[in-house]
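What follows is a group of structures, each given as C-alpha cells.
You will see chain A twice below: alongside chain B first, and alongside chain C after that.
Here is the complex of A and B:
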C-alpha cells in the first residue's frame, strides 16, 4: 500500500499546477471561516476585557463610541473636549477617583497620552526600565514604542506638529524618556505617556521663554509700558524642557479651563457608580458612559456581520467542494486507461483505490496543514492588527 | 504510520488554532495597593521642624523627611531621586501660598498634598510689582503670586502646626494624645518667640527699616514694622541702578537699619555703613540650618535685633 501512496504523491508532484490550485482552494475554504471567527472572537475578548476593567468614562456629549475608543485605545478620532474644571469639580464630590486623559497628539506614530500617576496604578502598569515620569517634558513609553523606535530611558522623542502648514502653530516638543513600561499586550504598549500638563504644553497652552523683565531679553522686547512688556516674533520659545529652563515654563490662563479628551472614573463600589451615573444622566454637556455597554453594542453589530460573512463563506465552500469533486471525477475519467494498465500489470483494485484516495488525502492534508498554519499566524498577529486598527 | 502521525499533528494544530485560551492574561485589581511604612515629606525646614517636634517620642509616628535642598526651597527644582521620594510619600506637607513653584514642574499625586496655609488664605499678602508680558495671540498675562514666608508670623506658624498635627493624627491615630501634647508645647514656644519678636521690634518705635529682600511681609505686618523692601541678594554686589533706587527710597524713608536674609558682601556692608545704615541679618530659616534648630535661629535673630539698635 505504501507504493500506491508513493504513486499518488508522485502524481500530485508531477501535476504541480493542478495540485497547487486544488490545495489553494481547499486551504482558503478552511482558513477563511476559521480566521474570521478567530479575529472576531479575539477582538471581542480584547475589547471587552479592557472595557470591563474601565468602570466609567466621562466626556463631552457626542459619540459614545468615539469617547470610549479614544479613552481605551487612544483612537485618533477625537471626541469633543471637556475642561479640566469638570474633573476638579467632580473630584471634589469624592464619589470616585477621576483620572484625566488628554489623548490628542502623536509622537513618531505613537499616541501621546497626557494623564496622572493614577493611570499607571489603575492599569497596573509597571516600569520595566528607567523610572516614572517626574519633571514636565518627561515621558514613559510603552514596550512596543520602545522596540519599534529602538528607544530607552535617557533618549528623546519628539511630538509631531499638529499641522505641517501651520507655521504659527504649536512647536514640536522634544520629550525626555524617563522609563519604558512592561509589555501588557494592550494599547498601553503603543503609547507615550506624559503628565497632562506636558500635553497642554504640546498644545501650546504653556511654554517657556526668556524672562522678558530681564535686560537680556532686550532684542525680543517690542515695547515696555508701565508693568507690561510686549515681545516681538523673535522671542524664542524653548522646544525642550530641561532642568536649566524648566523654571521659565508657565501656563497662560487657569488650568481649570484647559482641555481633556475624557476622564476615567473609578468609583469604589457599585453604589457610588450608580449615584454618579444618576448625576450625569440629564447633563446636556457631559456624558458618563459604561465602556462595556458601549462596546457590547458595537460587538453586537460585529457579530451580526460575522454571521453574514460566515454564511457567505459556507455557500462558497459548498461551491468549492462541488467543483473539487467534479475535478476529481473528471480526473478519474481521464485516467481510466492508466488505471486499466495498473490492473493489467498485476495491481489489485484496492491498490488503485488507495492510489486515488491517497491523492485526494494528500491534497486535503496539505490544505489542512496550510490552513492551520495560517490560522495560528492570524491568531498571533490578530491582536497587533487590532491594536493598529483601533489607534488609527 | 507516518501519514497517520502527520494527520494527527494537523488535527492538533487545527484544534489549537481554533479553540483554547484566548491569550489574555487576567489582570490584578487595578486599585490594589501594597502596604508600606508611612512617609511624610515636608517642603521647607520650618514645617519639618514643626512636624518633627509634634511627632517627637511617638514610636508609631510617620517618618518625617525634609529633602536636602541647596539654597532657597522656594527656588528648588527636585532632581529625579527627590521626585521619586515625593511620589512615594504618603503625604507631602506644603507651606502653600506659592512657596512651592516646583509643584507645577513635577508629576505628583495631588491628593497626597497638604497645603498648611489653605486655612488662612484671607490673611495671605499679595506680592507687589509683578510684570505682565504679552507675546503671541494669547494676550497679556503676568505671574503674580503671594508672599509665602508665612511662618515668620508665629500666629500663622501655629495655625500651620495645627494643620500638620491633624494630618499626623489621621496617619497615626494611636499617637493622637502625644501629638496634641507636643503641639501644645510647640505652640507655647512659638508664643514666647512671638513676644520676644514683638518686644524687639517695639523698640524700633516706628522707625523706618529697610529689607534687603521681599520676604519679610508677614513679619512686617505682625509687628507693625515701618519697612520698605529692595531686591538685593546677600551674595551679589548691588548694581548702580539698585544704589540709585535705594537713595530714592531713603529720601522718603530715612532708614538706619537694613534687615538681610544673610550677611551681605563686605563691600556692600561698607557702603551701607558709610550711609549710616546698620546691617541686621534676620534668617528666615526656610532651609535646614547648618547648626542649631528653628528656635535657635529665631533666638539669634532676636538677639541681633538688639545689637542692631
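Here is the complex of A and C:
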C-alpha cells in the first residue's frame, strides 16, 4: 500500500498549485478558530494576571478601563490627572503603600513612566545590567527597549517632544540610562522608568538654567525689580541633567500640585483594602478601582465577541468542507480513466481507495501541521502583539 | 499457452453503448506459448472483449480460460488482480500513461501496485527496458513531453516490466503514424520473443500482419452471442 501512498503524493506534488489552494483553505479553516480561541485565552490570562497582581488603582473619576490600562500597560489613552497631594494625603493615613505613576510621555516609541523605587520592588523588577535610578534625569529601561534601540547603561535616550511646531512647548530631555531591567514578558519590558520628578521636568514643571543672580547671566536678564528677575528669550534651559548642572534644576510651585496619572495602592491586607475602598466610594473627584474587576468586565465582552467570531468561522468551515468535498468528488470523476487504468493493470479496488484516501490524508495532514505551526507561532507572538496593541 | 474452451460471455447492460444482449461464444481457442498472434476482425466482433477475458478484467459466464495451466475463470477478484499484475502485460491504444508520473515512474507502475521484488532491481530493470527502446535520456521526462510514438514505447516498457508470460495489446498502433506503427509492432514482437512471452495483439492494419507468427480472425474464433437465438 506504500505504492498507493506514493502515487497519491506524486499526484498532489504534480498538481502543486491546486494542492496548495486546498491545503491553504483547510489550514485557514483549522487555524482561525484555534488561533482566535488561544489568542483570546492567552490575552485574558495575561491581562488578568497583571491585573490580579495590582490590588487597587487610585485615579481621577472617569473611565475605569482607561485608568487601569494606563496604569498597567502605560496605554497612550490618558486618564484625567490627579494631584500629587492626593498621594501625600492618602499616604499619611497609613493604610497602604502608595506608588505614583506618571505615564504621559514617550521616548523613541517607549512610554516614559515616572514612579518611585517602590514600583520596582512591587513588580519584582530586577536590574540585568547597570544600576538603579540614582539621580534626577536618570532612567532604567525595559529589556525590549534595550534590544530594540540597542541601548545599555551609560547611553542616553531623549524624550519625544509633544508638539514639534510649538516653540513654547515642552523641550525634549536627554536622559542617561543607569540600568537595563531583566525581561519579564510584561509591559514593563517596553517602558522607560524615571523618577516621578524627572517626568515632571519633562512636562516643563521643573527646569534648569544659569543662575540669573550671577553677573555672568546679565545678558539674559530682561529686568530686575526687587527680588524678581525676569529673563529674556536668550536664557538657555538645560536639555540634560548632569552632575554639573543638577543643582541648577528646580521646580516652580508646590510639588503637591504636580500631576500624576494614577497611584498604585498596595494595602497590607484585605481589611485595609476594604477601608480604603469605602473612603473613596463617594469621592466625586477620585476613584479607587480593583483592576481585576475592571478587566473582568472587559473580558466578558471580549468572550462574547469571541463566541460570535467562532460561530461565524464554524459556518465558514462548514462551507469550506462542503466545497472541498465537492472538489474531491469532481476530481474522482475526472480521474475515472486513470483509476480504470490502474484496475486494468492489476490494482484492486481497495488499492485505488487507499490512493484516494492517502491524497485526502496528505492534504489534511499537511494542513493540520501548518495550522498547528501557525497556532504555536501565534501563541508565541500573541503577547508581543497584545502588548504592542495595549501600549499604542 | 492460452487455452479457451466453451466460453460464453454476455454484457449485461454494462456500458452506455452496449446493448444488454451483446456477447460472444468461443468453442475452443489456443495460442501456443511464446507465439505472437495478430487478432483481426471487424468492429464489434469481440476482439477487445476476448483480451479483457484473458486479462481477467471481464468474467466469463461459462467455460474455461487457462493461461499457462492456471484456470483464471476459477479466480476470485483478488486472485485475478494478482494474476494480472504478475502474468499479463497490457498495452492500450491510448497509451494510458499517468500524466503526473515521470517516464521511469510510469514504467514502475506495476511495481507500485504489486510491491514484488527489490526496488533497486526493479528500477534497474525499468532503466534497462527504457534503454532498449532508445529512451534512456527521457527517464525524468513527463509523458506530455514525449511524442506519441515515444509514449507508446514507454507503455510497452511498462507492460514488460514484470516479464509477463502473456502480453496483450489492444490496437496499440491505432493512434500512431505509419513509421511509428512499424516501430511499435517490431518492439512488441521483439520484446515478446526475448521474454518468451505469448503476444496477442488486436489490429486493423493488414500491413502489420506479416510480423506475427500467426493471424487469427475473430469470425473464425468466436460466434456473436445472439439473445434472440437463445429464446
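Methods note: the second predicted complex is superposed on the first by the 392 of 392 C-alpha atoms of A that agree within 3 Å, B and C clash if a C-alpha of one lies under 4 Å from a C-alpha of the other, contacts with A are read in each partner's own complex, and residues count from 1 in each chain.
Keep in mind that, in the parts below, a contact is a pair of C-beta atoms (placed from the backbone, for glycine too) under 8 Å apart; a residue touches a chain by one contact, two chains touch by 3 or more.
Keep in mind that what you see is a predicted model, and the values were worked out from it rather than measured.
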Partners on chain A (chain B, chain C) - clash or fit: fit
First (chain B), second (chain C), both or neither touched by A:15: second
Touching partner for A:337 - first (chain B), second (chain C), both, neither: second
Centroid geometry (CA): angle chain B/chain A/chain C, rounded to a multiple of 10 degrees: 150
Which superposed partner A:346 touches (first chain B, second chain C, both, neither): second
Touched partner set for A:375, first chain B, second chain C, both or neither: first
First (chain B), second (chain C), both or neither touched by A:38: first
Touching partner for A:3 - first (chain B), second (chain C), both, neither: second
Superposed model, chain A: greater residue contact from chain B or chain C: B
Closest Cα approach, chain C to chain B, once both complexes are overlaid on chain A (Å): 16
For the chain C and chain A complex, residues of the former touching the latter: 55, 57, 77-78, 81-86, 88, 90, 92, 96, 98-101, 105, 109-115, 158
Residues on chain A engaged by chain C in the complex (per definition of touch): 2-4, 6-7, 10-11, 13-15, 337-338, 341-349, 351
Interface residues, chain B side, partner chain A - complex: 3, 6-7, 10, 13-14, 16-18, 22-25, 27-28, 30-33, 75, 77-80, 83-84, 87, 101, 104-110, 129-135, 138, 140-143
Contact set on chain A toward chain B in their complex: 5, 34, 37-38, 41-42, 45-46, 49, 53, 97, 116-118, 121-124, 131-136, 138, 178, 185, 195, 197, 209, 212-213, 227-232, 235, 243, 246-247, 249-253, 266, 268, 361, 365, 368-369, 371-373, 375-376, 379, 383
